[in-house]
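Each chain carries a letter (A, B, C, D, E and F) given by its place in the written order, and its residues are counted from 1.
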Amino acid sequence: MDLFAPALNRLLDEWLDEDLGRGDLTSAALRGRQGCAYWITKQQGVFCGGELVERIFSRLDPSVQIKLLVADGSRISIGQKLLELEGPAASLAAGERTALNLSMRLSGIATATAALVAELEGTHARLVDTRKTTPGLRLLEKYATRCGGGQNHRLGLDDAAMLKENHLAWCDGVKSALRVVRDSSPWPTRIIVEAETSPQATEAVIAGADGILLDEFSPEELHVLIPRLRQIASESVSRGGGQIIIEASGVETKFLKAYAEAGVDLISTSAPITRSSWLDFSMRFQALGS
Amino acid sequence: MDLFAPALNRLLDEWLDEDLGRGDLTSAALRGRQGCAYWITKQQGVFCGGELVERIFSRLDPSVQIKLLVADGSRISIGQKLLELEGPAASLAAGERTALNLSMRLSGIATATAALVAELEGTHARLVDTRKTTPGLRLLEKYATRCGGGQNHRLGLDDAAMLKENHLAWCDGVKSALRVVRDSSPWPTRIIVEAETSPQATEAVIAGADGILLDEFSPEELHVLIPRLRQIASESVSRGGGQIIIEASGVETKFLKAYAEAGVDLISTSAPITRSSWLDFSMRFQALGS
Amino acid sequence: MDLFAPALNRLLDEWLDEDLGRGDLTSAALRGRQGCAYWITKQQGVFCGGELVERIFSRLDPSVQIKLLVADGSRISIGQKLLELEGPAASLAAGERTALNLSMRLSGIATATAALVAELEGTHARLVDTRKTTPGLRLLEKYATRCGGGQNHRLGLDDAAMLKENHLAWCDGVKSALRVVRDSSPWPTRIIVEAETSPQATEAVIAGADGILLDEFSPEELHVLIPRLRQIASESVSRGGGQIIIEASGVETKFLKAYAEAGVDLISTSAPITRSSWLDFSMRFQALGS
Amino acid sequence: MDLFAPALNRLLDEWLDEDLGRGDLTSAALRGRQGCAYWITKQQGVFCGGELVERIFSRLDPSVQIKLLVADGSRISIGQKLLELEGPAASLAAGERTALNLSMRLSGIATATAALVAELEGTHARLVDTRKTTPGLRLLEKYATRCGGGQNHRLGLDDAAMLKENHLAWCDGVKSALRVVRDSSPWPTRIIVEAETSPQATEAVIAGADGILLDEFSPEELHVLIPRLRQIASESVSRGGGQIIIEASGVETKFLKAYAEAGVDLISTSAPITRSSWLDFSMRFQALGS
Amino acid sequence: MDLFAPALNRLLDEWLDEDLGRGDLTSAALRGRQGCAYWITKQQGVFCGGELVERIFSRLDPSVQIKLLVADGSRISIGQKLLELEGPAASLAAGERTALNLSMRLSGIATATAALVAELEGTHARLVDTRKTTPGLRLLEKYATRCGGGQNHRLGLDDAAMLKENHLAWCDGVKSALRVVRDSSPWPTRIIVEAETSPQATEAVIAGADGILLDEFSPEELHVLIPRLRQIASESVSRGGGQIIIEASGVETKFLKAYAEAGVDLISTSAPITRSSWLDFSMRFQALGS
Amino acid sequence: MDLFAPALNRLLDEWLDEDLGRGDLTSAALRGRQGCAYWITKQQGVFCGGELVERIFSRLDPSVQIKLLVADGSRISIGQKLLELEGPAASLAAGERTALNLSMRLSGIATATAALVAELEGTHARLVDTRKTTPGLRLLEKYATRCGGGQNHRLGLDDAAMLKENHLAWCDGVKSALRVVRDSSPWPTRIIVEAETSPQATEAVIAGADGILLDEFSPEELHVLIPRLRQIASESVSRGGGQIIIEASGVETKFLKAYAEAGVDLISTSAPITRSSWLDFSMRFQALGS
């Protein structure tokens, strides 16, 4: 989430317009009044989205004052106050839903991520996300992953290359596919190969893949396979003896630790994004002066 | 979801660009090849998004052929084929993730909605959604609600007016707020008042609200309150003796039926949108000819 | 007109760019100079657009100072000063035409609306606008209607449903059309049926329409028809005995009062938008210090 | 109006979205049905907008067939059929209002322009428009002027330069302003000076203006002034003896001919745009087969 | 380059987004730090783009302070400091490349233009640019031409008309083409005809062209042709004895002076835009306090 | 250059609009005529942009037929025909300049790149580009680099991280900067460190950089330094003994081979983008039938 990017402003405007449509019909009742409000959380978890909330209200009405009480990535407990707002009542009402929806969604992801990351504590493995993200929210959901202590996998089809089942089905083998992609890509591009069998994995390492995604292997299989792949990598001339990053996917979240102990570098999972609930926040309004 | 709206095309383009970024790095390996593929579901539920998938691929590459095997709103069972695709391999790969993400998210909502709707079967009450939707996906998530058998609540701040806690806090009472909003709104606008106590509800009905949202009442309280509100409404001169729509919110989903039996017209819940998991689909690739 | 909506900023920018094109060719002659100016009206009427003028100049150049002397919706008389501006001369020149064009157009609508509204004084009927608006100016022209004392009809195809001649021609009767639309629409949606004959009107009321638009009926016909429709509505079980809103259209503006006295709730007319002239304002420039 | 310009497509999309908003609520009742329709005019005048109507419907739904029966710029008489449409009923309904609004507005302008142009028949003078145009419709309203037989004045602040009252107030005289603008503008730029007195006009011709706009002069004054200005122009060394274009503005439309006979080249007026009514068209729907 | 135009802001945002993509990966390392920096030039030439640099950084982060040390159009010498920046280190890093790329490109054009303009010193002829400009940078590259002392030719296909080889090939002669374009264009439009032979040029002058572009004539040919064309123009009744602008194109830059002395008004060349190198600037960073 | 990306269409539309502005003034003279045309090159080099030209004309007018005679990346010789076009004359004229400008610019880059790449033939080193690209054309100019046989460096600030002079000035050393960036970046991100001295380079390798950019070293210095850096890399435990990519920048193009022989993997240069001339193409029109 780069707050500098003009693209973010465009997204926030779009989202505000989505809720405002042709204008808040109740704003006539609020015209001329100042209000203040605060957010509290009804659930514990990890907070995410404070700076976005700030940006949303400032896009809508620069006269709204906002005070963030909790930093992104912080643990929050039931009933905790998250932020305070003050400004024209109509502006507070107009931005409420968009800001809450975004922050509750992202905090839900951060919270779910943190729970999985905690299971990997003490192991070498890191939890990474996937490209299964809500259309339009890719960068923000990946930011929530980081707030939850996870790391991001590639951001899109263009910042790393992954050769998957379909590429293998349509090309003449992993070696040739890898060479074509390497040649046409920017030099810093890492190329990852998804493997469903040990021979596929071995072939990919020899062919010079930077990363291997081992899909739906059992921890037991990995205990055997991973040292062998690292050995091959270190001996491979074509790779300059370089290391290889090994990732497991298709992992049931309850077995995370077993996978980590099998020696993988990364465990990728979409669960915090595709299977988490929103954290429940509430915006409470106060008459000014009370 | 109006497929005619140019605005939908802009959204789909944005979402494709989000994943494509500066271009699929693996497309060089697929250039010149034709492929075919199909989708299957790994979970049972209610399907949603077929026409959108069609539109996504046709925005990307009009030469992609798509055959929908399941209509939106249909029940699907594990392993069922959902649709078939044929076209340039690079186009199939470029659109895969965006199309799957959207359809899996929407089908998850439709499925969760259908489960709740089933509980209301045989009652007068209808399940409606809320404005708690993912930023950017409001219309599509509300379309998924309909595919699951639910009905939509208002679409934004501009197609119905709801006077909530904050309006009551900031205005001089519900009566004056209602009059100001009525005067400044298009005449077909329905005005709904959120009430947290019986006196508030009664006052709102007398003041001429078109709908009352009863938040966090128990079914027992509603059994008493609702007939009284309907009676007041039918006797109210200012309303022309008109009916009133009564909605319950803050309802735990396990008590849906009890609320329905208490006589509400609508039960609003954000649960299918804020607490559902994505349905899990898979896109399988085939070499052409096999 | 919701000044909060980012969408409004985009429109204003577009309109400025339309006049500026590749840049004001005379700005080189004005570079470095400060200027001040004021607006006067050459015609009497109702003013509309002050806040928009303010917004236009602030989009163009935040250093321009503007002082509004007349509130939107106020009556203005010939020669009256409307607002004062001060800032870089090149900015004043660059925004002049766009701001004047918009405000003169909207004030013309407000003025024409006010004239018709005056004729309805003392009656129960309200004047409402239609969807006959200039492409791109829908919301602002409807705002001008309100400034002139009129009320808005629906804002678009999506905030109320109207079943018209074409729907009746293409569907299996008003009853089935009404049911389909009710089922697929958000619950607060009002459904209006356009009727050209008494039987059509009666059928629509029985079928549960929320509003009836009676097109090109004479006042005499309405004197008979309207009480009957209200009676039917109050007796209709399917409507819960609810009231019905009755609207007349196709009304020559000189007979407005006769229609109002026939008992309609609303008279809809596009005349202030399709047949009014712009109010004539002039921007006068002053050398600073003089 | 350049149908090639991608910018036009964006405008049409915007206008469709303005009416469609979140989608036509009645489209559910029309789904799956084909329809046909035609347009007739209820008033005589000059038609304008046929190709735009075609483009609007094709943006919305490429399967809609449209047959234009009348060319832009043609005279039409009451009851004349203007065009025929056939396609999905929901698409015809969704585009109806936007297409009618645009074409009725433009035809109103073309009709009003043609009436004024007729008064100039037999004279040397041409009728030109101004920059008083509806925000967002500049190019289309100017196209309507041409369809009515008028000619366009400059399209914006950037395709010709006009030095007006404010430039004279803020600069050190017309001569220096003219030189600065000439130096900083593309060489084909014509520079026009607005004059309110004879000495101003004379000074501007000597200073090398390409055109003189004589504002609020009487025909009698012009009879004397114009030959003198042309004489000065032909003798002016600095202009290379070049001709000058003389334009009158602030002309009451009933005196058009008198101004033309006073020898002006152009009479500019905003009346067809700021004071004309829309032409009244109607879209009639037919059940297919009837 | 009109800094008022909202369109310019959109371009600058697009360009920033192009480099930022999904966000500067190094910004995490800079978070919370303030920095300052300055620009120096490694080459001598003519500077261009200062106000744009200012605008770029202010779009990105309004808290960045920038002090321009050199005005656009000024000569700069090796090692000269061009501007100073101070603000959040992450913002300085995020805008660096976009700002440098733009200013280095424009300064390269200004420098190359100035060199050619110097060769025309003492002659009547002016150097003008063409429509050969980098897509997206038309206005800024033409601004750079002016900073280098050149004048602009038309800005696009719409602010002057040029009848070229293709128009002559496809129309019924220059006379009819000229009449059609004159009739359909705004009255201030200048029409230029490109001629490759003397008879073509003569015909165009007689037909009333405002300008003649003589392509790939030798200086010797022009010495004879130009006086004849001016004579014909001054005698032409249809032109009102008006002057004609004569432009030479297809001129090798080393022969500029010979063409100027042959009596042309304008020499058009794309060389400063299509054949110049960027000027080389460097942004130097300083720790604050040093 | 990913032809699938909707973002590309938006760019092409913008560029067409930039030239078309309010519409081609000469199109009235071409209306209704069909034409054909072809492109030839007046200079030899490497062609680039054929598919883009195709896309530009199809955006403008889908009825234009285009036949590409030369593939992107092919060598072309003086006078060679590049492509043929047929369609409405007005469409050919409207797209000509935009298409030529783009293709001539890109072919200039491809040609200049190919010349440098040729000098590296027989060496291990590859030529890569930089982020010095024309604003708005980043992806297309990088595509041209590939057409000329070069490889791309990172595409923006977000697909690889480079720690430069400013990061070192503002952070607490390369080690800490590297760790922070590694932690906050997607795992496939490569981190490159720019070094201006041998100790800096050594430190960066030890700290775990994936690539080292050696700026303004002499070939002699590199002969000594590079083997040492590779040795350190292979021994570094923190890197897992992985290889390092070594890049030289600040290289005068005449010494390319010497640098290659000093053992660098990559030589980065902006010269083909910042110092190349456009290749000169011409579009020749033919009357149909001739």
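Just so it is clear, contacts are C-beta pairs under 8 Å (C-beta built on N, C-alpha and C of every residue); 3 or more make two chains touch, one makes a residue touch a chain.
These numbers come from a predicted model, not from an experiment.
Chemist: Can you list every chain that touches subunit D and also touches subunit F?
Modeler: Expected: A, B, C, E.
Chemist: Moving step by step between touching chains, how few steps can get you from subunit C to subunit E?
Modeler: 1
Chemist: Give me the chains shared as neighbours by subunit E and subunit F.
Modeler: In this structure, the chains that contact subunit F and also subunit E are A, B, C, D.
Chemist: Taking each chain's centre as the mean of its Cα atoms, which chain lies farthest from subunit B?
Modeler: Looking at centroid distances, E is the chain farthest away.
Chemist: Pick the pair with more C-beta contacts: C-F or A-F?
Modeler: A-F
Chemist: Calculate how many whole Å lie between the centre of subunit A and the centre of subunit D, each centre taken as the average of the chain's C-alpha atoms.
Modeler: Distance between chain centres, rounded to whole Å: 52 Å.
Chemist: So, what's the distance in Å between the C-alpha centres of subunit B and subunit A?
Modeler: From the centre of subunit A to the centre of subunit B is 24 Å.
Chemist: For subunit B versus subunit F, what separation do you get between their C-alpha means, in angstrom?
Modeler: Distance between chain centres, rounded to whole Å: 45 Å.
Chemist: Distance between subunit D and subunit E based on Cα centroids, please, to the nearest Å.
Modeler: About 31 Å, centre to centre.
Chemist: On subunit F, where are the residues touching two or more other chains?
Modeler: In subunit F, 14, 20-24, 94, 155-156, 158-160, 183-185, 189 touch at least two other chains.
Chemist: For this assembly, give the contact graph shape among line, ring, star, complete and other.
Modeler: complete
Chemist: State the interface residues of subunit A toward subunit E in the complex, per the touch definition above.
Modeler: Subunit A reaches subunit E through residues 1-2, 4-7, 139, 155-156, 159.
Chemist: Can you check the complex and tell me which residues of subunit A touch subunit D?
Modeler: Spelled out, the residues of subunit A in touch with subunit D are 21-22.
Chemist: Which residues of subunit F touch subunit D in their complex?
Modeler: 13-14, 16-17, 20, 22-24, 27, 59-61, 90-91, 94
Chemist: State the interface residues of subunit F toward subunit A in the complex, per the touch definition above.
Modeler: For this pair, the touching residues of subunit F are 126, 128, 142, 146, 151-155, 158-160, 183-190, 192, 210-211, 234, 239-243, 245, 266.
Chemist: Which subunit C residues qualify as touching subunit D in the complex?
Modeler: Answer in residue numbers: 11, 14-15, 18-26, 28-30, 33, 35, 37, 89, 92-94, 96-98, 100-102, 104-105, 108, 131-138, 155-163, 165-167, 169-171, 176-177, 180-181, 183-185, 189, 274-275, 277-278, 285-287.
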